[in-house]
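Here come two complexes built around chain A, the first alongside chain B, the second alongside chain C.
And then the complex of A and B:
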């Protein structure tokens, strides 16, 4: 084990980095809550399932007395429709993390491909792809999102994350391109070329492995960015038309004057969780930066 | 062995490549078997570009390069790189940091040689020894565990394993300590004498060029300004740029003193189109220089210079 860690010193520095470990613990906890959430909500709402005789929990079902504060029955109280806030939170977390993974993953993937092709091939291809990227960059993303989202009569979490993924890639593409450009001109690439190594092998055998850590970091940033973009969309009323999400909860809470009515249990938890997730992701990112960049490592 | 004929490389920059930077401007010279030619020039003079052109890492804009009287683009990659190899300036960036040093040899065997494993690694150990390395210090190590001198020698050993006949050595000792420099230079000299290796030794350091090379080519802004037998060029420099370079070499027992008026760069007139490229910096410039075509003229046997004032 010790030998193995010595060889993979990046992993060693990653696991001993407080920022990385701290942020990761929180993210993993959130993922666990999202996965086990329905079961937790079942625990809380057992009485309801028994009384109504239904088997599935629906986060939009009006199951309690409206305006009730947190209690043993409703861990986070109910909102003004009598919906259970904890259950909404659990299902909202699910969709937010899903948007993070799909939207962030898609944005990373497109950004990677565009950046990689443009950086490695150069010339006309590079000019064209960068022109496209720059156009995508200067178009205000939120406006595009609003227009696309408004045209779709039915919007699910999946559609929402795809929209976000399709508009979030330009920064990644630019960053990956410059990274590829700098790696391409390194001498080890030249050395591989004068060893008659085939171009595809150079890309995947020599250049790509050097970018793994970078790609990982980009994905984490995109993950957080997608969650924020989704919250923004939800909040202005262009979120999923069915189901719930953290942004939708916030929107409803504001719409129904949760603050004025003193229903803190309705508005604080979703806001706090969104902030905490994004903050944890950024903490993980700085931790990774320290682990991957020897110059930043704590001695 | 290698012959350059009116070699020109223009790098295109700007939007859709509308602007061009002339890196190498119609350069011709040749390198014989078992000869070390040093290519000297300041940064931006195009010397590294010539090295890359010979290694086919970039394509020339015009002009031709011949290896053994055949144009190099007519060779198949395999055939060409078995004969012509290179060692680059920065030994640390020549190795992929995530792989062990063995990888550069593995690549060589997989793509260039295809020898049986035991025979190949035997050859590797032999050539590592011939450049003064202990194979156990090299194989199985990561690049960051080795010193720059060891890495650079490993790269020379790589070229030897391949059995190259010609080596482009691009500033290979500028990143090394003074103490290891001479060792690496001596290795190059030994290889020339023992196996008749032809070497293009790219450098910005005149004293290193003088130490090792048989022929010296001095470049300024993409053009050859003076070339010939090393002894002749150093003893009897003709071009003002060569003279300036020779003056500028800091030598032992010579202390710094305020620069003389004649070698100061005149600002504002650096870009002069047409005529002698050195015009704006030249202390001896005259009006004839503005119409100078930049062609080399023979100073003596095996010694050429491109100066409008030569012979006047």
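And then the complex of A and C:
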């Protein structure tokens, strides 16, 4: 184990970095809650399943007395319709994390390809791709999302994450391009080129391994960004047309005067979870930065 | 300098064309029939349907070839004709947007400028002071991770319901009409404060963290080390580092504008503040597609204009941009 760690010192620095480990533990816990969500909801609403005799839990079902604060029957109370807030929360968490992974992954992938091709090939291709990137960069993403989503009669979590991914890539492309430009002119790449190594081998053998850490960090940021974008879209009323999500919960809370009625159990948890996840992702990102960048390591 | 500007202007003109084209294309190439949705919004009377369909088909120009439709759309755009609102029928969309514009400016301009200045200041302080760095930076991370509208909800609940010292809805009391008097001004300010605070706090986190990271990077740079070896005071080194660190923050301002505007939209929705965001929400709730499209165009064009302004400022404050384009050419 020690020998292996000596060879992979970045992994050693990652695992000993408090920020990375702390943030990662929180995110893994959230993923577990999302995966175990239906089971947790069953645990909470066992009494309801027994009383009503139904087998399946539906987060949009009105199962309790409306406006009831947290209790042993409803761990996080109920909303104005008598829906169980805890159940909505665990189901909403699932769609938020899913959008983060799909949307963030897609945005990272597109940004990576555009940025890499642009930086590596240079010339006319570079000019064209960067012009496209700059154009996408100034158009406010949210406005584009709004107008596309407004005209979609049916919206699912998948469609939402795809349109978020398709609009979120420009800054990644720019960052990857400048990273490629700097890597391309390093000595070891020149050396490989002089030794007549094939272009594809240079890309995957010499440049890609050096960019891996960077790409991972970009993905972490895109993951958080996609979650925030989706929550905003849901809140505006352009989220999934079926099911529930954290943003949808907050939209309903505002529309049904949860603020004026002081229903804190309805308005605090969804946003607190989003904030905690995004903050944890930022913390992981800072931790990774410290682990990958020797200059920033705490001695 | 001229080359730099002409390159930027080309990008902006292209973006402008693409944005307007998007606005034209999306309702036409989307699945479903937006026209029938629009008509169904209007048709309170059964026989109005027929008249309205032909009216809409004509004004939308759907019976003409697609290129003519596109040209007609541009013609209407340059005449300031963005259609008529369904929700506030028969008001033209342009007039509705014009009315909400002052509220957006009153909210966005002070919050962006103040949070940018204050955030940079805090960030620079945190970079130099270890205790401040350990205590303040985690809080700033939480600020920047919050969705704008959630913080708006929480602050409205705390300062509007639990301790009711601020109103949480509208831009002024319902009993008042907008006029030039001190009572109205104070009432306006009273309503303005919470939305302003929301935008200010959430933005503050991002600026401060960006500044802190940049300063740490600059303090490690050779010129700072050289200054240090010459025996310059910490304050002096920080001042030089600050001047270099502020440049990426100016670029960051341009890049962040879209996100900020989106945050302002949702914040206005929480406080029922009658800006573009609230208008957009009404448009979506009432399926008022002309209004949605008008808001989209307006948001895109103002972000473009603001970006251009930031680019101009950048030329003024960064001598390297000026030199590289005057000497290199």
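As a convention for this text, the second predicted complex is superposed on the first by the 299 of 299 C-alpha atoms of A that agree within 3 Å, B and C clash if a C-alpha of one lies under 4 Å from a C-alpha of the other, contacts with A are read in each partner's own complex, and residues count from 1 in each chain.
Just so we're on the same page, contacts are C-beta pairs under 8 Å (C-beta built on N, C-alpha and C of every residue); 3 or more make two chains touch, one makes a residue touch a chain.
Computed from a predicted structure; not experimentally measured.
With both complexes brought onto chain A, simultaneous placement of chain B and chain C is permitted, the two fitting side by side without a clash. Which of chain B and chain C touches more residues of chain A is settled by the count: it is C.
Using the contact criterion defined above for the overlaid structures, shared-chain residue A:254 touches chain C, although it does not reach chain B. In the superposition on chain A, A:267 makes contact with chain C only, while chain B stays out of contact range. After overlaying the two complexes on the shared chain, residue contacts for A:142 are found with chain C alone; chain B is out of touch.
By the touch criterion defined above, A:171 lies against chain C but remains apart from chain B after alignment on the C-alpha atoms of chain A. Contacts of A:153 after superposition: chain C is touched, whereas chain B is not reached. In the superposition on chain A, A:197 makes contact with chain B only, not with chain C.
Our summary of the superposed model lists a minimum C-alpha distance of 7 Å between chain B and chain C. On chain A, the patch touched by chain B and the patch touched by chain C do not overlap at any residue. Residues of chain A touching chain B in their complex: 123-124, 127, 186-188, 190-198, 206, 209-210. Residue ranges on chain A touching chain C, taken from their complex, read 131, 134-135, 137-144, 146-148, 150-153, 171, 224, 228, 231-232, 235-238, 247, 250, 253-254, 259-260, 262, 264, 267-268, 270-271, 274-276, 278-279, 281-283, 295. The part of chain B that touches chain A in the complex is made up of residues 15-17, 52, 55-57, 77-78, 81, 84-86, 88-90, 93-98, 104, 107-108, 111-112, 155.
Taken in their complex, chain C has these residues touching chain A: 11-12, 14-15, 18-19, 22-23, 26-27, 30-32, 34, 141-142, 144-151, 153-154, 156-157, 160-162, 168, 220, 254-255, 257-259, 261-263, 265-266, 269-270, 280-281, 284-285, 289, 292-293, 295-296, 299-300, 303-304, 307.
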